[in-house]
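Please find the structures below.
The same subunit A turns up in both complexes below, where it pairs with subunit B and then with subunit C.
Take a look at the complex of A and B:
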């Protein structure tokens, strides 16, 4: 048991140190934003579980917003994160495009959420 | 036209060569105008006037007033109803016919008549006078005659129109009134114009010729159209017209007059049509005014019992009523002789039941128009036709007419048998129920012809409800015999309305000798009452049937309530329970909980070293942030109040601006990165 617990703590500490060493500040900001959107979604689900889903369309709109932003941000992070040889040469030209696409998709997502919220 | 005139002349000459008797059997005139007919016409006229202009036309009102004038009945009470309509009609806005009838109505009611026609009316009259339509010529000429004199060249045009349109032959007439009515207004118009034309003028000759052609339409037998007899009035309404049509009437002779009289009498029940009633009355008066007008001869009463004939005292007598067509007593009847009495169905001259001519004597009371004919005591019950000769004036003129006579006989009932379920009833009282059968049998005796059936009557004593059943005759032959009736109470319970109680049973046998198809109008017959023989009494008990509820419709039309008058069960709406909602404080708490991660995100940014001391990207960066804020504000406005269409219309240019500004901002962000590398 102690060896298993120590192995878990060792893995966690190694993950932390590797994360802090290899992750750029830009990606850390994105990861923080991802954590923020996840927490808002969890809070809405807990509220629905406690008091019910009325009004249901608003609940779905809120969940759709959190999940949608989370997915789009993950997609942006995949564009920005270094993924191996040959990709770093493309990052500078595609960053702007990726960010512009991220903003455009978020606009559409928010328009749909506002329409469905009621 | 020349050919048609020649053909007509040939036809008339041929008709003149044939004696009137060859047109068929003489028409019998047994009816005349009665007080009931005059009352009916008076009521028709009053109802027509009372209905007012909304329901009746000026033409109807005009003819109704003419009827009341002929019957010497007052019409002043209708002035307030019709004077306004007459004034409107005279103005001309409703057509030529309304002008004429408006003038007629105003004259009859004493309303004010303008001295001259309005402009509209004058134009209409001018168009009618110089047009080619008979209806226009007719009304225009009549109006002109009221207000002056119509132009005499009308006569030529009317005469040509009458002949060319084939009125004589009864062909379809173009540009004119319907065929059956063409002759009447044409005759009226021609009679008026013939009178106005100077004697020995061409105009009068043309009118006389056309009138003579129309006179050929008068009925020569009862088989021609009934409305042709109405022409007698216009064809004799003026002296000139009467002179023109006299030869045609002479050629037709008594047969024509009798046929016309028969047709007019058949038309006298007009069914509420004031114009038809006036025409019939006018034609009857024109016919009755002639010296050779036929008389209405009938036995009064038309049926007499053989017993009354035999017990008349000093010779049986039958009454003969002789009247003019208008119902008055003729003043020129010198004598009446009953020449023969033959059974119905035989021809004149075949059989005569009288030993010799029977001279009828005038009744003691004058003014009754009834003559008594004695010598009929040996006449047996049956139907007969009497040939009656009437001497008129000084006796030089004599006409023979036929009159039907019915001699009835007495019948007696014998051997009455009353049974319930086959068992004879003793004492005349019985009891029966819904499953029993009543049977009644009897014999009819007497010197009478056998009636086809007699009747059995069951009368509920308490309510008076009577139900009749036929007693059919058994066996054949001309003499009466056995009759029987059976009532199956199980089937007749509904007919008897399931009424329990005492019922009186009686037999009904006809007194008179009649069969189906009697040629005389039933309404004029006066018959003694039939034989009523009480048979007994029956006490019946019926079970009351279950009340049957009849649906309004067999199938529902729209809803279940269509088929029933019973109230349907009340429906109570049940609303669903409202959704569970969180209390307000809990909602606010979770709103804060959702916003809490934002604070954590800000803290995380500070820990990561992100300190936006100055906006990144410079001016373009700031502008980009502002554009993003504007887009989010637009979304909030859309959620709060705007429609999708308006929001999209605002979003599209905003997105374009945001894209431009964003690109500039990103380029600005790249420049500081590139310069340190260089």
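Take a look at the complex of A and C:
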């Protein structure tokens, strides 16, 4: 039990040091935005648990919006991140392209969400 | 285009294999100059070929809409172009499903109609004054050309060879299976949906290969279009997650895959929710009316994506992918073996929990499978539980002959393509492999799904054929020993080093020039055969409009039967505008489109009970059918009869389906399938046939006065040319219907339902002198019964020898009275709900005293406001008696002998 606990805390500290060492300022900003998006999603789930999911389409739209923005941002992050994170780097030459694609996808997402929200 | 697909196939190799595999990159061809021009010219010619091969029907007959469903699509498209999109969404159609009606806007896939309407508006804006009918007729061939382009793009993306792409495009353009659903005039969802399917798959493979959010978003938009166009979208939303899982399990996970699937899922499922509509209405076939109320609560919003079990895989895979990506990040960041085990355990637990939750939801009935999907998983499902699905010919299992007829040379070639792709698996190739394997299974289950198999069979065959030509043409060009391309050299060196020998290039001895010539010539001949076969299939088998029936004479000439249109136009011009016409559901769409009259049921089979009622009317005797016809306000009954025109798929040959569907709903209340068989178990219209069959409505309407027709020397009178029999019941009179119209070749027969007053004249009213002229008299639809009101009961235990009959009997005094009399029961009791209720027929009342006056008994009947029909549940004004399980008030009647007999 104690060994497992120590290994978890071990892992956590390793992870922290790895993160602060390897992540650039740009990516940290992106990560904070990711955390915020995740929070909005969690808030909606908590609300749903407490109050209920009555206008189901609105609830669904809200959740899908959080999830969608989150995964799109992660995708953007994958485009921007250096290749050291266990996944091969995507096209490094096209940061601008990646950002334009990100904006385009978000436009579609929010259009659909607005329409669905009712 | 083709110059850019390299990046993909390469970068994934990077992470999996050693850097030397980079040489693969060179395999992607770089075309410049004339070959590029040639390529596009060939593609253009393929498109033209795809368009032209589908025009046999238009050239031979005329520019006319075919079959059944296209007539509905055509009618809705006309409405859309005339009224605009918003009115189209709000359209409540009162011309079908009388008296229920149908919300069209919320229950169809609008993709096809919107495509045609947009094309129409575009052409109008450009001052091409094209008729909307012509737009609809030529839409499917146009999209077939698009599909050819899409399959070119997909194949080129997967193989990196535009040669294979062109072959795939050529195969797809003329594959008979696809032609069958996309000839000119076949204006159906599949026409545009197959294009959407292949285009979506191309965009998806491209998204995986490039890792670009833009392509993934484009794939999601393609999926959106597919959802709007066809129920086959389920295919996409399952193949893509399956592929993703296969990639992860196969160790091919990459950031590109993450980006592609996450973006596709997030956008795709959200977009799909905007317009998934039909599945709710299709589900009615399973659950009857209960779902309809549910659907009304959320109009135009498809929560099905969340609720349907068909889409569950995509949600699960999305969660799994996120978990896996997180796990990979952690492993890379921390690099601890313990962590790995921890993560694997956590991931397994999570996936298990999600699966368990899904199973629980399924068991609790929160997510639902549609009947057709269950049929896919268990091919015997439909025949066991849902006769309405099993009755549709395109839902039958595929026979091997139709595999060969519809795919021809692709059947042997496609597995070769599979094999070749297996030998050099890339991300794109894996997708094609999975798609090919799954669709092969599905095509075996349902004939209709041959359509999803056809494009992938073309692509696989093109891969095989391209490889064959590539190798042997190379041998011709370079002589006995073709100089291997650089990367092949490397491979050979590696292979030789590994002791595997030079298998990659094939045994050198086999590649001599004469042999190569023979092989190439054989391949070309095979392709020519395929082209001939496709043209033949298109011309003979698939260009039949089925609204005009063609008969081949013995001297080779053609005889055209145009009876359908003759009859439909007769209805249009000779009946009252609000006339209701009953026929078996097959003809509903055509009738509402061409006759512009109200029909009882049509080809959208959303309400099984309603269809069963019609089936029951056709299967009942004339006397029993009459109350049903009355309750549905039917003015005309239409039957299709092929006994003169030698048309085999008429109502008599289809007749067992109405019986099956009706008994599925009404059970033992009506004669079952076996009662319509002869003593030896044959379905026989002749002398030996069952008496039940000989007296049912469909039989009588088909053969009325048929025996007066001389069928020519050697046959005489009463000889049915389709079934090659002398009919069993030759001379009979109709009492409740009269013949209104019979088309030139007897193909369509229409009967007018006589008003009831003439059947059982009231004692004081003078009987009408004759039948002539009655058509113009306003029908008097008042239920007729001779019954004495006994009293009001609250307990059904008082009814001795009772037998339950429910449904419409519980609300219509005329119906239950007829029923009680037909079965010789003395009493009957009803407790009405709304349009239906509970009812009993029985022999005696045990206690007179049990009657309690009032409390709801006095509620009127559905068919007669002056009579009492009882009440149930909340409708009863008095409280529930303590001893009773339900709160009901039974209005009890005693059947009196008919007055007519008394006279």
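Some points to look at:
In this section, the second predicted complex is superposed on the first by the 109 of 118 C-alpha atoms of A that agree within 3 Å, B and C clash if a C-alpha of one lies under 4 Å from a C-alpha of the other, contacts with A are read in each partner's own complex, and residues count from 1 in each chain.
Note that a contact is a pair of C-beta atoms (placed from the backbone, for glycine too) under 8 Å apart; a residue touches a chain by one contact, two chains touch by 3 or more.
Because the structure is a prediction, the values reported are computed rather than measured.
The partner that reaches more residues of subunit A, of the two candidates subunit B and subunit C, is C.
When the two structures are aligned on the shared chain, A:35 is found in touch with subunit B, with no touch to subunit C. Contacts of A:52 after superposition: subunit B is touched, whereas subunit C is not reached.
Of the two partner chains placed by superposition, only subunit B is touched by A:43; subunit C is not. In the superposed pair of complexes, A:25 makes contact with subunit B only, with no contact to subunit C.
In the superposed model, A:117 lies in contact with subunit B only, and not with subunit C.
Of the two partner chains placed around the shared chain by superposition, subunit C is the only one that A:78 touches, whereas subunit B remains out of contact.
By the document's definition of touching, of the two partners only subunit B reaches A:96; subunit C does not. In the superposition on chain A, subunit A positions 100, 104, 115 are in contact with subunit B in one complex as well as with subunit C in the other. On subunit A, the positions that touch subunit C within their shared complex are 7-8, 10-11, 14-15, 18-19, 22, 56-57, 60-61, 64, 67-68, 71-72, 74-76, 78-79, 84-91, 97-98, 100-102, 104-105, 108-109, 112-113, 115-116, 118. The touching residues of subunit A, counted against subunit B in their complex, run 25, 28-29, 32-33, 35-37, 39-40, 43-44, 46-47, 50-52, 54-55, 92, 96, 99-100, 103-104, 107, 110-111, 114-115, 117. Those residues of subunit C that touch subunit A in the shared complex are 7, 11-12, 14-15, 210-214, 216-217, 220-221, 254-256, 258-259, 262-263, 265-267, 269-271, 273-274, 298, 301, 303, 306, 322, 325, 328-334, 336, 338-339, 342. The residues of subunit B lying in touch with subunit A in their complex are 579-582, 586-587, 590, 593-594, 596-598, 600-601, 604-605, 608-610, 628, 631-632, 635-636, 638-639, 644, 647, 651, 655, 658-659, 662-663, 666, 670.
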